[in-house]
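Letters are used for the chains, namely A, B, C and D, taken in the order the chains are written, and counting of residues starts over at 1 for each.
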């Protein structure tokens, strides 16, 4: 059957074209989702986005139905990882037709799940998953160490800065925000120590912290390099 | 004896349950310690936190007594690393009953030592320690180099910026705060050079500095990867 | 022919001198291009820069003609990578003589293309290209992952912060600016979350994000080290 | 001769004590140099620092004389790397006695050269030097690439932001300051793009830039790991 080859296989020219079309639809759809939040655009543009959203949804539905039809084991597809994602990508649209959900702000958040449709076209998650498994233990260890470090940083800075800046370092949970912004070196500049004690504490926490927070990325890079080397040897 | 198996061993189901319960207590206790610093919470919530603190402390005490009872060499446990930690985790509570220490701000800091009880449940410190030993020399070298670099940066920026911003770059120790915030790339934005000389100096210091401050993390990551590889070969 | 050796070869003393002179001209020319944008310089200085620009252009033209003359296959040189660059470096100057383009702001941007003349003197791009090829797949994977992460971060922060800071987190595209500044840890401080939800979201995004955004640099470093090792074995 | 062993050798107890004393003097002296710049300290403290500076200088002079006396080849020591450093560490002090240089601000900068005396006690520079030699080519390549990237970033942002923020992005050299603060991810927050074009440009520059600026540190870490491995094999 010709249709099956187009939908299910990506080696044939027709199959490739089908894949590229679906991919383009996903990307346009994500782009449209973000653009429609911009205020002060011309009214016609919003109307265009609304109509294109309906078109995209109809096309995604056709794709979903095609995938069910062309599957040999239809139920297996429907309850597979990709089957559920394909359903989740269109469900919020049909739900919003039945019930009036447009007013609910959190509703648009569900629409973003269509980004998961990208997983069919990229080996990124698979490869990234392998690297995570390889460097699993160390990543967990450093995630734990990061957690403990953030907690201790927040406790420490709270004791040093609470009296000098009672509004900013209001409590230990509030101080955690400082710990996050500092140890990741983002440093927005909305919270920073002003006392000598707090500054010296920040120095020591940063000296220890950079050696902890930055390590997982190095481990992942090293694990990914190893996976590539193993694959080259195997091939 | 059944009790001994529960407390001392973690392979049996009962032993595992015991471990998980203690772990949950530690985490709840750390959470409670930080939440109680939030002002403007309902009064009943503070009361609840106070009562739960007493309950946690009683349970930690029971755990401590159980560990002493079930140890074959009781004195060896009491003066072991974990024994001292278990004692230190409950001591501040009983001290505060005898003497009224609630008013002393630094007192709560001692309570945070209970975070050390986590060391029993994680191999993180052990593994991290091994990596530090492996990369010891380079880490020390780079810690030294970082120290020297921070000092020279502070001296340099002081000479460039002291006249333009006498309040911010008041002295070399004050300028160190700028050096820390800059070389770690946190960059809060509370101190930055404004003169052309200071900016050019910052450029050169950053170009050299990033190659020094960021290296220890890479070394640790590399050492941790090696430890994993050696363990895989050994097993 | 003596001239050919000077222009085409860099091993002979005369050839080296020629190369160094052209290199110095390029660097002076780039320096001059940037300095002439400084306002409030003495008028004579601008005049000097204008004249030196003409001199540099004449010299670049002589170099271009010499390279054509000394090439055995003249057409091959003219349409080679370096030939096109050498032409592009002088073309804007002669264009501006014919038509009065000085008023067009974007015009100076073309002049910057002369920076490409540097490619003849550095193996940097070649080596960097090899490393990119070696780590190609992972770099693409992480570039994709970074793209998806930025998108999801912008969507998330928009929902958390839009109501609290409607002017700053105006729309999802506007929120992307926050996502870029945060995940690269630049953290200018012009946009940052103020709600508890937004701060907790930032924490999780940063914990995941740092392990993704920082990895490509590690992969490139690892690939470059491998290239050096292979070259050492080969030699 | 006993004195020679104390001064020249560091294996004997007496020699070790001598080394530790000199090291302590250097660190105290650097500490004192920075502390004396703090304004608003009690007058007696300044007096104490001044006197201690004289004492340190006398002791450094004695050390210098001892090293000359105990050297077998006196002239060789005087003109050796360490000999010159030992001289440079005391010279500014004696110069300031002859001529009144206290008023010259730059004079204190010379005093900082005594930090070089630390080189005798650390193998850091040697090891760091070896790693630099091993990763020499790539570090140069990336230093060049960083330079070109900074230049192009400054040119780009100047064209995007000059009209919107003429005071901050005054010229290309002024825009370089933004390029430095951004590509090193310091992000003080004193300069940042406000136009949509400038923000999109920043995004692309950061995506490319992080993969270039962060690589040299990874290369150094990798080279240092290799040096350790080679040394372990050799021993």
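Basically, contacts are C-beta pairs under 8 Å (C-beta built on N, C-alpha and C of every residue); 3 or more make two chains touch, one makes a residue touch a chain.
This structure is a prediction, so every number in the text was calculated from the model and none was measured.
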_Maximum centroid distance from subunit D, chain identifier (CA atoms)_ = A
_Could you classify the subunit B-subunit D contact as same or different, where same means more than half of all interface residue numbers appear on both copies?_
different
_Matching over half of the contact pairs by residue number, can you pick out the copy of the A-B interface from A-D, B-C or B-D?_
B-D
_Centre-to-centre distance between subunit D and subunit A (centres being mean Cα positions), rounded to whole Å_ = 41
*asked:* Distance between subunit C and subunit D based on Cα centroids, please, to the nearest Å.
replied: 29
*Indicate the residues of subunit C shared as contacts by at least two other chains.*
176, 185-189, 214, 217-218, 221-222
*asked:* Considering only the defined contacts, which subunit D positions touch subunit A in the complex?
replied: 185, 187-189, 218, 221
*Show which residues of subunit B lie in contact with subunit A when the two form their complex.*
30, 33-35, 37-39, 105-106, 108-109, 112, 115, 118, 122-124, 127-128, 139, 143, 146, 176-177, 180-181, 184-190, 213-214, 216-218, 220-222, 224-225, 228
*Would you pull the subunit C residues touching subunit A in the complex into a rising list?*
135, 137-138, 141-142, 144-145, 148, 151-152, 154-155, 158-159, 170-174, 176, 182, 185-189, 192, 199, 202-203, 206-207, 210-211, 214-215, 217-219, 221-223, 226
